[in-house]
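Below you will find the structure I want to go over with you.
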Amino acid sequence: MTYIIYIIVQIMIMLLLAPLINGIIKKIKAFTQKRTGPPILQMYYDLFKLIRKNSVVSEASSWIYKAAPYIVFSTSLTAALLVPVTIKLVPSFNISGDFVIFVSILALGRFFMMAAGLDTGSTFGGMGSSREAMISSLAEPSILVCLFTAGLIAGSTSLDQMMMFMQAKGQGIILMNPAIILLFLALLTIIIMETARIPIDDPSTHLELTMVHEAMILEYSGRHLALMEYGAAIKQLIFITLLVNLLLPHDQFIGAAGLGGILISLLIYFLKVIVITVVIALIEINTVKLRLFSIPNLAALSFILSFLAFLQYFLLGGGYVQLI
Amino acid sequence: MGILQFDNYIQLCILLFFIGSIIALGLNKKARLCNYVSNGISIIATALLAFASIMQIMGGKDVIKLSLLKSTLPFIRLEMTIDGLSAIFLLILSLLTICVSTYSIGYISSYYGKRNVGLFYFLYMSFILSMIFVFTSSNAVFFYIVWEGMALLSYFLVIYESERSENRQAGTLYIVMTHIGTAFLLIGIMISYSYTNSFDLFGSSDAIPAGAKNVIFIMYLLGFGTKAGAIPLHIWLPYAHPAAPSNVSALMSGIMIKTAVYGLIRFVMGFLGLQEAWWGILIIIIGIVSAVLGVAYAMMETDIKRILAYSSVENMGIILLGLGVSFTALAYGNLLVGQLALIASILHTLNHALFKGGLFLGAGSVHYATGTKDIEKLGGLIKKMPISALLVLCFSLAVSSIVPFNGFIGEWLTMQSIFASVAHGKHGINILLILGVAALGLAGALAAACFVRFFGISFLGIERSEHALKAEEVPRSMNIAMGILALICLSIGIFPLVAIKLIDRASYGLLGSSILDQIQGGFLVSWYSMEFTSNRISSFEILAVLVVIILLSLLALRVLGGKYIERRYGTWDCGFEALNSRMQYTATGFSKPIRIIFRILFRPSRKRSTKGGTAYYPETIEYTVDSESVFEKYIYKPVFVRARIWSRRTKFTVQTGNIHNYLTYIFITVIVLMAYNSFI
Amino acid sequence: MSSLFDILSVMILLSSFVLMANKRIKSYIKTFRIQSLLIAIVAGILGIQLIINEGRVDVLIVCIIIVLLKVIYIPNLLRRTYLGVEHRVEKDFIWNIPILVLICCGLVVFIYFSITAIEGISEDISTIQLVNSVSVVLIGLFFMISRKKAIGLIIGFLELENGIFVTAMFATDGMPFIVDLGIFIDMLTAVMIMGVMVFRISDKFDTINIDELNKLKG
Amino acid sequence: MSLLLLIIPLIAVLLFIFIKKDYLLHAVSISALGLQVLLAAFLTKDVVVFGKVESAFFYLDSLSIIILDIVLLISFFVAVYSIQYLKEDLRPGALDLKKVKLYYILMHLFIFTMVLALVVKNMGIMWIAIEATTLASVFLVGFDNDKFSLEAAWKYIIICSVGIAIAMLGIILLHLSSIGLLENSGFLDWVALMENAESLKSASVRLAFIFILVGFGTKAGLAPMHTWLPDAHSQAPSPISALLSGVLLNSAMYGIIRMTAIVNKSLGSSIYAGRLLMALGILSIVTAAFFILTQRDLKRLLAYSSIEHMGIVAVAIGFFTPLSIYGGLLHMINHSFTKSMLFLSSGTLIQKYGTKNIAKIKGVIRLLPFSGIAFLLGLFAIAGMPPFSIFASEFGILISVFEEGSYFIGGALAILFAIIFAGIGVAMFRIFYGKGEEKDIEPGENNIPGAVVIIILLVIIAITGLFMPETILDLVYDAQSVISGI
């Protein structure tokens, strides 16, 4: 029973919260540019409108093109199930998954997205796919090393186990631990790379020289486009959730169990997400988009941060958990 | 019991292949009959083999010993022993061979009247037979003989389409490389013989001193590494695999290069025993390099089968990585991690056999339908051959280690074993292992990119040439064969425990440890989570959730958005008249960002030439990119060229043609020998 | 008696130096005749000695054969061959004569040292005889190396055989007779074949300078 | 019976002189060799039963009978092959009876001399016979009578004569070492020398070995005295190349083996002779390995391969353990069959294409379905691929080397074999496939009896790799104990 409640809560929060993040970021950006900007809930309106519109489908395309949005959307949601928004709710018998399968599920979505980009026969789609392929290849080692290190610290590769460990170890060590700080920075960089934000990609542009994510979904319209956008937003939220719940755990501060505890926990979670959102927005405001071939530098940065985190942890030598 | 004993099945299988190959040669005038008969025989024989090997694994811990004809020469013994390890590799062989033989029924039909089908099947069956012998021989000499026989037969299969000069060159390169590798193997075997006085692979290696074991290990590594296509010994692989007919490529890539994995396990783990940690470390390094560079090179190719061949290098890298982790763990006395990594490695071997076999068959189908292997000339095939496309898509997902296919399971287990190893590990190695994790990530992502490119460029979009336009769906038998493979891939992906338990049982005899206690959930209810203590996954659940979410989202869209109405329209072409295939992204263009980032590996050279018109508005622009493997360019070519030059030069300075020089040689020899005689 | 053989062996060695110092093919043939004569004298003395001591006549027969073959027949044959093929006189040797002779001296010194370094070699044969006769063999080989024309090579070969023969004489009082006979037949055939080939070479290549025969290489 | 073996070829030679019809020439040639093979079979039986066949003049034990059998068998095959070969060779003009006659006379004399070298007891006579092999075969090498073959023949006779003369010096020194020990009749007698080896004077024996090694080594094609070999093998008619390579080299090697046995027994250890043999052997293998790589002439390549294999035999004999000698003798047998098969098929090939240049030959398998495939498989065989017979003996030799603890030599050998394989592969494999420019060559075998012979030889080398008849193995083992005394 808790299992089903967990799934419902998890999915609902993701569905409801994800478009808000984009709204907040856009609002902050507009604010700094002395504009009013779109309403904070604009993305909800967009999605709702898109869903009701008819779709235009390219004559050159095949079933891959039509299947891709569903797969992208649902892989995002499935991945979301592996990243609990609050530990308080996690059932003892969780949906089974660790960080490897987490990465793999997202890869499934990305695979179809890139394939769909090639399916229409459009130049832009291919270009977007090609660039996405490069960026994802560069990001993946960092993600794995980062999560692997976190897993080593926690003694498990399972994401919820890792989160539980982090908060069980409590207040003291987490923020003071250099390994954790480095991991935090690495994961933050990864979020920027994975969610197609400036300085990697500009989600608001449609200039072919700079597009990555938008180029892949250029041909989409109607409900397909809605699913694609929604999936991307959810993916962004997943990564933020991962960051805040893994490296800034909060549940240990809440003693109370039961419904009250869960609600408080969720509230703190919202706050943390918004804080990170603001941080991302600030980063986006203060940087310019990188040249495509400067992206490896950023990827290398995040990899080095993860690697250093591993080394830090490794040199400090603490907290091995006997696995077998 | 008599006939029911399963060693009889293996003998029967060997006999069937032997007879079958001769029948095939006899029927070379009747191509169609030969095709059906040969494939029938090999399907039956491999089915027997599959049955026998499963029986062996399930049946018990004791081994089957067989002996073939007795050789009269004193040091040659043709003995076979089938233990769990042999059986699991035989199972891999038989699974793939059944499918490949089914596939061949359709595929070879295009050879009727053009080529000697009888000869083909003679070689094909002898090749399979030689691989069976490799997996079962219990004597190093017999192993060596069949190993060379396998190389020889596969050489003839590589040059089977010998009218193309690149095939001939590929064949020569292949046989030369593999023979040089085998020379090292021979040295290893000989050194170990000189201490133990026995060629028995199941014997004891206690008599060999530690220093000699190190040398032997290096020799085995060089020998098997060449066959495995491990970088930097891989250069033959991307030439030889594409050159063979596709069904043979499937066997070569699916099984033949796995004989190296078998050899490493059998010779090093089984016979030598693991004493030095650096053995494993060396293998890990080779694995990492092969995994990353293999797929990076795959990304640059435009020939379907070369992409697949390089991808094989990558997967061999992952397998070797697992094996290296296992070796290291065992050297440190960590049996359980060793066993886990070994299982990971063998499981990935199985997986790779299945999906790479399937991909090569898919490449064969594409070649069959379009007559070209150049993906720049393909496109839009998904509409012409939907079933093949779907199956190739499945294999592509599997090779990119994406859930819910089997490739993911292998990678997951490898990752788990690294995790367990690091958590236990000695300090220095951990840094290497974390690089292994990064390499797995990079290789996985690049593989996904590479296979999106492979699938996207050749099956999606608009047809790029006449070849693609005239394509039709391939004969049913070919799709059935690939379908079976895809099904097995999916089932292993969803119910991995069946395979894992089988491998665990099979390799029990080797280390005497089992990880089964560490896994929760019974054998029959294997869709339960695959749990390794607290790290559990269940691809079944993930798949179920995925499907449910897709269905729910369809429902939700229906409710919220009303009926789905679509309008077919041309792709947006920026307002030009008509989009045509030449405006599509090309495979070369697709890989450009990666080519530029990793330019140190590829050394790309670009050439742009314009023709006609003015400088600003030329009529045609030709843009070619050449990328060459750094290993070929900077290691093999210089060595080879230098050797040739040196050889030519010394040849003419020694063998000058002048009789005075020749007499001088004799004169000097006499003097030198006299000096030796009197002064030494 | 041994001292007489010593003197003869030195003379044979000397004759091979003279041969090496010769410049013209005609003079090679003359010197070779003299060398063979010296060997025949050795064989004659040895033969008479053996008849007196043991009643063996074979060495004396060998002596006669040597006179017939090496002193009379083969030099004449070579002379005829030479006259048949040589049209103009050219320099025939690769280096200066003094250098060649000096190398030969070095050779003798080397052979002296290398043979005396072996313990127990001189139990049955005086060292000087062995050194001299082996030196003749190697000087013969060196002569072949140093001469460009085909006939020079044949002479060198014959000198080499002379050296071997003289070694056999000194070392073992002659080989079993049938062996000796066989050797002579072989040698005669060899020289005749070589002579025929010189004609053919002269035919095909218009020269008997065998440095021209260098098409087969590598 | 040995005498009969020697008389038959002489009678055949006499007959050749008087016969006027070409088919009679072929018939006499074949029947003479057939008779000799039969005789050899009887002799072999005797040797197997009694251990040796000895008379005042002749001596045959298992060592010499093995080589004798090889000589006669291969000569027989070559004779069969020659029939059609000569017809093809002389096709452009009318059949030149004189040339055929000359060919047969010389060939049978050549065989006669080789048989003589093997059956006699006296080392001096054996020397004479080996010198006579050169004299008999020199005009065979120069049979084509053009500039190249003349040059080859000239080099052949000069170098081999010099070499053999040096061997004579060694024989004299050996004689010297036995003076006062053996009776006059026992002078230069194999058996007597072998029996009394321990009491020979070691100083002369050592010196003698050097000269004999250089001398017979020249004839056996050991580097650096091998220089005549590529020229002679490549310029001779292919059947003669087969004889030279498959048989003649063995006869010379036979002398070295006998001598090594005596020296080792006399000195009481195999180190002295072993080092020299190994040095020359490895030098030969290295030479061949690097010269094969860029070889352009089909038959020169095969000739270098012969040098390699003689080097291998020399190394095996150099180690002088029972197993290494066993392997070495087996290797001589295997090499003879394989190499003569290769030379014969190369003859067919060269006649077909009219060139020996590897670069100009293409599509052999298409044009010559039997000889071509046999040639290809023969190349694999000669490079030591299992299951062909060369592999088995190379393997045995390697085992013996490693058993002795000579890892570096063993490793070097294994790698050199691989390099040679690479060389052969790079140089030769391309000739088998593809289409040549010469369209006017029509496919099909011209030399049918030749093709049959080649296939028979191929079957022999393919089967004996794993299933050598036990009788032969026993014989080889006996020969091994004759040499090593163990």
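Residue numbering begins at 1 within each chain, and the chains themselves are lettered A, B, C and D in the order written.
Methods note: a contact is a pair of C-beta atoms (placed from the backbone, for glycine too) under 8 Å apart; a residue touches a chain by one contact, two chains touch by 3 or more.
What you see is a predicted model, and the numbers here were worked out from it, not measured in a lab.
When you average the Cα atoms of each chain and compare centres, the chain farthest from chain A turns out to be C.
If you average the CA atoms of chain A and of chain B, the two centres end up 35 Å from each other. Centroid to centroid, with C-alpha atoms defining each point, chain B and chain C lie 69 Å apart. Computed centre separation for the pair chain B/chain D is 44 angstrom, with centres defined by C-alpha atoms. Look at where the CA atoms of chain A average out and do the same for chain D: the two points lie 77 Å apart. In chain B, the residues that touch at least two other chains are 648, 651, 655, 659, 663, 666, 670, 674, 677. The multi-chain contact residues of chain D, meaning those touching 2 or more other chains, are 154-155, 158, 162, 166, 206-207, 230, 291, 294. The set of chain A residues touching two or more other chains is empty.
Here the chains touching each other pair up as A-B, B-C, B-D, C-D. Across the complex, chain D is touched by residues 69, 71-76, 78, 141, 144-145, 148-149, 152, 159, 162-163, 165, 168-169, 171-172, 175-176, 179-180, 182-184, 186-187, 190-191, 193-194, 215, 643-644, 646-648, 650-651, 654-655, 659, 661-663, 665-666, 668-670, 673-674, 676-677 of chain B. If you check the complex, the residues on chain D that touch chain B are 154-155, 158-159, 162-163, 166, 206-207, 210-211, 213-214, 218, 224-225, 227-228, 230, 276, 287, 290-291, 293-294, 365, 380, 383, 385-387, 391-392, 395-396, 398-399, 401-403, 405, 407, 410-411, 414-415, 417-419, 421-422, 425-426, 429-430, 432-435, 466-470, 473.
Across the interface of their complex, chain C is touched by residues 648, 651-652, 655-660, 663-664, 666-667, 670-671, 674-675, 677-679 of chain B.
On chain D, the positions that touch chain C within their shared complex are 122, 124-125, 127-128, 131-132, 134-135, 138-139, 142, 145-148, 150-155, 157-158, 161-162, 165-166, 168-169, 172-173, 175-176, 179-180, 184, 187-188, 201-204, 206-207, 230-231, 234-235, 291, 294-296, 300. Contact residues of chain B toward chain A in the complex are 336-337, 379-380, 382-383, 393, 396-397, 400-403, 408, 411-412, 415-416, 419-420, 422-424, 427, 430-431, 434, 437-442, 444-446, 448-449, 451-453, 455-457, 460-462, 518, 529-531, 533-539, 541-542, 545-546, 549-550, 553-554, 557, 560-562, 564-573, 579, 581, 583-586, 589-594, 596-597.
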